[in-house]
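In what follows, chain A forms one complex with chain B and a second complex with chain C.
Up next is the complex of A and B:
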C-alpha cells in the first residue's frame, strides 16, 4: 500500500498528523508533509483514518 | 389571473418547514425534533428562511460532506442564492477568507495557518494548562456558587487567542461585549454593524502599531503582509477580526455546554474524572464536539453549477444549508447517535465543518478542550449545577449555541 498526498489541496487542518503522526507532519505553514510513502502495517489504520477525515480529500491510499 | 385559472390545478403544496426550527426544551443537547424527522425522510429538503427564500437543507452526513467538499459550491455571501442568516448584514466588508472562494480564499488562509499547526499548538499546552489551573485556583479561593461562563469558560479562549494574536487581554471587556453582540441574532443589523466596526477599528489601530514596531505575535505577522503588499490594511483588519472572534464564543460555549452535558450524564463525567489517559480525554473531546454541535445554524453556501445529489437536482443559484449538528447524529455513521458516549470513536464528526473551509483553529480548540475537560472535574470533583436545569438559559438567540450562564457550586 502506498500513500499519496496532494499538498496543493491541503488546508492545514492538521488532522492527518493527529491520526498518523509517524506518517504525516506539517511544514512551517501547517501544510501536510508525507514522511513515509509506504508505511508499515501497524500505521495503516491511522492512515485510513487520515484519508477519511482529511477535509480537502488530499490523501489517498493506493494498492501497488 | 387568467393563467392561474387555465393552468391545471396544482397539487396541494407540501408545507415547507421554516428554518431554524425550535428546539425541544426537554433535551437542550438534541437537535430540533423536526430536523430528525426531515433526516429520516431523506438527505435534502427545502426549507423557508426568515426572508421567504427557500434553500435546500442538507440533513445527512454523506451529502453534507460531499457538498462542503465540492468546488461548485460557493462560500461567497455575494453569490446568487446564498442563504442569508438572520437579517441583512450591516457589517462592512466580508469576514475575511471564510466568505471567499479559492484561489483567493486559499491565498489568504495560508497567511495565518502557521501558528495553528499541530506541533506549534502542542508547544502552547503548558501555557494553557497554567491558565486553566490559575482560573481554577481563583474559583476555589472565591465564592461559590459562581457563573462558570464568566469565571472560566470565556476567559480561557479569550486569554489564549489574545496571547496568540498579541491583543492586550486587559481590554477583553470591550471586545467580549462586542463579540457577543455580533453573534446575537436578536441584535439589530445596526447594532451588529456598529459592534463589528468598533472592534475592526480597534484592531486596525493595533495593526498600525505593529506596522511601526513589530513583535513576535500573529498581528505583527499579518501587518508584515501589508508591508509586503500582499494585503490591504482593510483585508488585514478583516483577517484579525475573524481570528479574534472565531476563537471566542465557540470554545467558550463548548466548555460551558460540555460541562452541563457531563453534569447531566454523571456516568460519563466519572469516566473523565477517573482517567489519566490523555488519549481517552482526546477521544472524549471528539465525542463532545460530535454530540453538542454549537454551530446549530449550519454551514451556508450557494451552488454555482447544477449538482445532482441525494436524488435531487440542485440548480445553479440555489442555496444550501448543511446542518452539521444533525449530520453528527446520522445513524448511518454513528451508532445510537443521540447517546453521549465518551468511549466511542467520534473523530469523523463534522463539528468543524468539512472541505477547504474546515475550521483553521481546530488544533487549538482541541488542545484547549483537552486541557479543560482533563483538569476541571479532577480538580473540583464535587462540581455541581447550582440551579435547576430548567432555569438555565440556552442561547437559541445566537449564531453559536450554548448557555448564557452556568451557575455551579462545589
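Up next is the complex of A and C:
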C-alpha cells in the first residue's frame, strides 16, 4: 500500500497528523508533509482514518 | 443489519457510507442525494472555486473508481420526502419506498433567505458557479452578513476587482463567535482593502437594484449575496416521530432513534466533552460524525460517546484562521501566544472555569496543538492560561 498526498489541496487542518503521527507531519504553514510513503501495516488503520477524515480529500491510499 | 440507507450524499453521508463498507457492512447500501452530482466538497466553493482558481471537477470528493468500489445503490437527483419509523422505510420524491434496517440522516443545511426577489446564496456548486460568472472587475457586490461565509466571499470578490460592500447587523462582525478583539481584527482586514464594511445595519429586503435597509436606505448593487446563516434540512422528517429542534436531536452516540443516527450539519447531538448539545457546521465534523454514526450503527454494543473537539478553518485575504473547540457563548478571551496586531497569534477562550476554545492566525501547528489538547482534556482555565502568562513574563525578563 502506498500513500499519496496532494499537498496543494491541503487546508492545514492537521487531522492526518492526529490520526497517524508516524506517517504525517505539518510544515510551519500547516501544510501536510508525507513522512512515510509506504507505512508499515501497524500504521495503516491510522492512515485509513486520515484518508477518511481529511477535510480536503488530499490523501489517498493506493494498492500497488 | 442487511439494508442500510444513508440520506444526504455529501461529506457526512459519504464518510458514513465509506465507514460502513470499511467496517464490514456487506448488505445493501443505499445513498440518497437530491443534488445531481456525486459527492463534492463545499469549503472550496467560497474560496478556490469562487476565485476561479479551481474548476468544478476539482471539488469531487472521490474518483468514480473509489465510488464504484463502495458498491452503492446510489440514488441521485431524488429527495427523500418522508420517513416511517414504525415500518422502517424512507419515501423518495420519485414515489419509491426504500426499506432499511439502519438509517443515517445526513441532509445538511440550506441557506436562509431574505424577503424580496433575487440575490445569490452560496451552498451548492451551481450557486458558486453562477456567482463566480458575475464577479467581473468593477461589478458592485453587496454581501449581506459578515459571518465566515460572507467574509470569505467578500475577500475573494475584492481580489477579483469588484467593489464590495459588506453589511452586518451586529456592531462587530463575529463578536459572538470569536470575541470582540478578534472580530475587530477581521474588520480591519476588510477596511484596509477598501471593502465597505458597515456594521449595525439591518437589511429588510432584496430589491431589483440592491438591498433595502431597515431605515429605508437603498444600497445599490449589481449582485447581492445573502449569507445570513442556514436552516437544517429536516422538513422531510415531519411526522416521522424523530425529535427535531434546530436539527435532528440525538443522544451522545448521535442516535436519534433505535437504529437511526444523524451526522453532519443537520445533527444536534449531546457532546459530553462540553456537557451540552450542539450542532456544528464544520467540514471535519461532518466526516468525523459520519464515521461515528456508521460505527455505532454497525456495532451498537461497542458505542463510545461522540465527543470531538470541533475544528474549523477559514481563509480571508492572506489570513488562515483556525479554530478549535466550542467558542460560542464564551465568557473570556485571552491572547496566549504571538501578537494580535501582527496577525500572528493564538487566542484562548474560557467558558466557566475551563478552556473551551482556541483560535489561531498565522501560527505554526505546534503552537496550536497544545491548546487543542487543553480543550480535549478539559483543562482548568487558570492552569492553562496562567502558565502561559508566566512564560510570557519569563521571556520579557
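By definition in this document, the second predicted complex is superposed on the first by the 64 of 64 C-alpha atoms of A that agree within 3 Å, B and C clash if a C-alpha of one lies under 4 Å from a C-alpha of the other, contacts with A are read in each partner's own complex, and residues count from 1 in each chain.
In this text, contacts are C-beta pairs under 8 Å (C-beta built on N, C-alpha and C of every residue); 3 or more make two chains touch, one makes a residue touch a chain.
Everything numeric here is computed off the predicted structure, so don't read it as measured data.
K.L.:
Applying the touch criterion given at the start, work out whether A:14 contacts chain B, chain C, both or neither, answering first, second, both or neither.
P.N.:
both
K.L.:
Thinking of the overlay built on chain A, is A:48 touched by chain B (first), by chain C (second), by both, or by neither?
P.N.:
second
K.L.:
Identify the partner contact of A:26: answer first if only chain B is touched, second if only chain C is, both if each is, neither if none is.
P.N.:
Both partners, chain B and chain C.
K.L.:
In the overlaid three-chain picture, which partner chain does A:57 touch, first (chain B) or second (chain C), both, or neither?
P.N.:
both
K.L.:
For chain A, which residues lie in the overlap of the chain B contacts and the chain C contacts?
P.N.:
11-15, 17, 26, 28-30, 52-53, 55-57
K.L.:
Applying the document's contact rule, which stretches of chain A touch chain B when the two form their complex?
P.N.:
Listed in rising order, the residues of chain A that touch chain B are 9, 11-15, 17-19, 25-26, 28-31, 49, 52-53, 55-57.
K.L.:
For a test of understanding, state which residues of chain B touch chain A in their complex under the given definition.
P.N.:
On the chain B side, the touching residues are 68-69, 106, 109-110, 113-114, 116-121, 347-348, 352-360, 362-363, 366.
K.L.:
What residues on chain A touch chain C, complex-wise?
P.N.:
The contact residues of chain A facing chain C are 11-15, 17, 26, 28-30, 48, 52-57.
K.L.:
Quick check: in the complex, which residue numbers of chain C touch chain A?
P.N.:
11, 15, 18-19, 22, 41, 43, 61-62, 283-284, 287-288, 291, 311, 313, 320, 322, 364-365, 368-369
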